Amino acid sequence: MLIQKGRSFGFILIFVLILLLLAVLPFFADLFYQTFLTELFVWILFAISFDLIFGYTGLLSFGQALFFGLGSYTVTILIRKFGLNTELSLLFSIIIPILFAWFVGYFSVKLSGIHFVIITIIFAIIGNIIGDTWTSLTGGTDGLTFSPPPFRLGFFQINLTDIKGNYYFVLVIVAISYLFLRRMVQSPLGKVFISIRENEERARLIGYNVQRYKLIAFVIAGGLSGLAGGLYSLTLKYATAGYLHWSVSGHAVVYTIVGGMGTLIGPALGAGIVMSLEHYLINFLQATDLVVGVALVFMVLVAPKGLVGLIQSRFKKGETSA
Amino acid sequence: MPERNEIILKLKEVNKSFGGLLAVNRVNLSVGKGELRALIGPNGAGKTTLLNLINGTLPVSGGHIYFKGEEITNLSPHRVSHIGIARTLQITSLFSGLTVYENIWTAVQSRKKFFNPFIRALKWEDVKEKVESMLELTGFKEKAHLICSELSYGDQRILEMGIALSTEPTLLLLDEPTAGLNSQESMALVKKMRSMLSGQTIILVEHDMGVVMELADNISVLHYGAILAEGTPDIIRENEEVKKVYLGSEHA
Amino acid sequence: MISNLAIAILNGVVWGLIMALIALGLNMIFGLLHIINMAHGALYMLGAVVAWYFIELTGSFWIALIIAPICVGAIGLIIERGLIRTIEDKPIITIICTFGLMLVVQQLVLMIFGGSPRRITPPIAYRFPIFDLQYPLMRIMIALISMGLMIGLWIFLKKTKYGLWMRAVVQDREMAVGLGIPVNKVYMWTFVLGSALAAFSGVLAAPIVSVEFMMGREVLIMAFIIVIVGGMGNLEGSVLAAIMISLIQGVGALFVPPSVATIFALAFMIIVLLIRPQGLFGE
């Protein structure tokens, strides 16, 4: 009981510290760095939403790009074509992917293992093809640019064309989403997801409607992936059909594996490290994916639980020897 | 003592075929409330398949299954769990990466209707209390923090039963609980089982005849998917056909 | 119209036979080793790239057709011994690991071969008339070679000792070990064979599509879909599914825009997966 209290206190402390650090950063960092971090926050959101279904529920989907792309296009099209305000557009960038995730998930969760992986990829490919070819709507791979109006909530207003404003906007939303997911995975619902990952049949035998809960996890992940896509487009003021390609899903997989699946800090850490690596190496190598690939193979062989897993086992070793 | 006035489980002309193979052949069975019915038979006789049909893991090819008078034929496994039937498996099936505490928790939690995503699970007092009492019952209070895979095989078998009991079943389907244990360990498990049970109706699939004779109120013998004989342990012990087919083959 | 249809059918069959080779290799690796090899498309691409280099060197397509698969088979050997052996029993880990491998191979090729697509001029330029259009003989040759390879594979599996060992290990690994079959060797050579088959497809595909470092990506997904639809472990199923899917796409493209045809093929696949997850021809 005390350990629980201690842990949550520790988490709150660290979380608040990191938030403060990030909040203060724009006063010291240049605009380029701020943009990089803003994008990093978005990818963190995408990665943790992926880990909800992968690390926590045990479903490997290479198709999350579909929802990311849907979120990004929803925001872009609603603002650009329909002149809708930013607040509602962002809301719809969650709702529309949720509806699609419900549809895709409904069929996909009837399957398991490799079949689930394949069917989610197929849905994503269909989405990708539609995105590439329905150019009147999506602009194809050339994409669509737009200029979002300021985000308004009550009396509060934030200007998204201002890089610093954009930075804080994304930071706050991603932080809230992180806390939301954290509470969820510790909740009774989270326990159900975890039990499905651990032993699907046993979960079914003790009375959990496994398909229903897989679908719930899938829909939530889809909604958050959509939110990530929406935030991405708001930041870059741009959407392209390329966001729907399954290699985008691959990013989430890489960040999660490198950082540590089955945790929330893992994907966040993984995203931070891998993106920083890519960003740094692009000065030397054209082929940043090479490093990503090597990192992935290395991690999977040496540390399948990711960096977080490595750190955790260090602590465990410390405990037993002390 | 089994009360003969209420039939908890009734199988009527239950059939199961896989392609050309008839695994369960027109089985009729009635188990009374509180009874411990042992289901024995040679390997491949269809015992596990029969359990799978009862708890919904497999659909029947024909026939009906009634639980407390209501038809439950082909009900899906998770619904079967909620009407009061729990199942253990021959090959231990636990949440292997989780601790004993979490395993029991997951099982106890399953009885609830709604899983709130906004509260911290471990603050759910209701569930917590029940988990503590189940830990008490199964004797795992000291080992609650251990990960399942760290438990001894015998302990894992006990935990498997503990998980089943945590779902407050009226009927327990036990599939070879002593599988993989030597006779000493089996007797220890039986003793432990006795202390954990409290009047549930039980169908026990077993190979260990010592355990069967010790525990069973009645025995049903399954051979090539059909009921060969039924009766009290004494009757079955003397049954010539059974001896030939099953007990005899052990001596041969 | 008829000539268009005839050409679409021919193209569908030719491409289907090429995809069948890739799918066969993938299926062998999956059916036997239960390994989901995400790098398979990269091996296909390597076959084409290595062939391109050999053609530059020797000027002969036919030499490249023989040598490239041998080279890629050797690479497959290294991969199997170095990587796969350590993780073969954990499916999710192998998916991710081979995905990483795919990225590495693609990027290495990008750095060495470059990013722009290159063409391979077919060794046979002759086009024969079909109705009022012309069809390249080369494609017929490709189809015939592919069929020849498949027949060769069939003979290998059904008639040779190694083929027998492979089938035994798929059926019952423990029994195979008990019978003294060198299971580890079988695993290794199966992976090599699968890789070589992927490379063969790459070489055969090269005159039709162009050679570039990304060419494996879309092919990979199609190969998986074919394997699943045809039935995992069911080799004949893969061949049938490959041709079927290619035909649907090819002929469909005559009546609807090609992307729509592809979407129909994909939607068909989803339905198959849901109704018969073991594949159309699997049990």
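The first chain written gets the first letter, and so on, giving A, B and C; residue counts start at 1 in each chain.
Rule of thumb we're sticking to: a residue touches a chain if its C-beta (ideal position, glycine included) is under 8 Å from a C-beta of that chain, and two chains touch if they have at least 3 such contacts.
In this text the structure is predicted, and so the values were computed from the model without any measurement.
Leaving out chain B only, every other chain stays linked by touch in one piece.
The central chain here, found by comparing per-chain C-alpha centres with the mean of all protein C-alpha atoms, is A. Ranked by how far their CA centres sit from the centre of chain C, the chains are topped by B. Spacing of chain A relative to chain B, judged by their CA centroids, is 42 angstrom.
Chain centres here are Cα means. That of chain B falls 48 Å from that of chain C. Taking each chain's centre as the average of its CA atoms, chain A and chain C sit 33 Å apart. Chain B has no residue in contact with two or more other chains.
Residues 4, 183-184, 186-192, 194-195, 198-199, 201-210 of chain A are the ones touching chain B in the complex. Against chain A, in their complex, chain B makes its touches with residues 55, 57, 77-78, 81-82, 86-87, 89, 93-98, 102, 105-107, 109-112, 115-122, 124, 127, 163-164, 166-167. By the touch rule above, chain A contacts chain C in their complex via residues 60, 107, 110-111, 113-115, 117-119, 121-123, 125-126, 129-130, 132-133, 246-247, 250, 253-254, 257, 285-287, 289-290, 292-297, 300-301, 304.
Chain C makes touch with chain A in their complex at residues 36, 83, 86-87, 90-93, 95-97, 99-108, 110-111, 217, 221, 224-225, 228, 232, 257, 259, 262-263, 266-267, 269-270, 273-274, 277.
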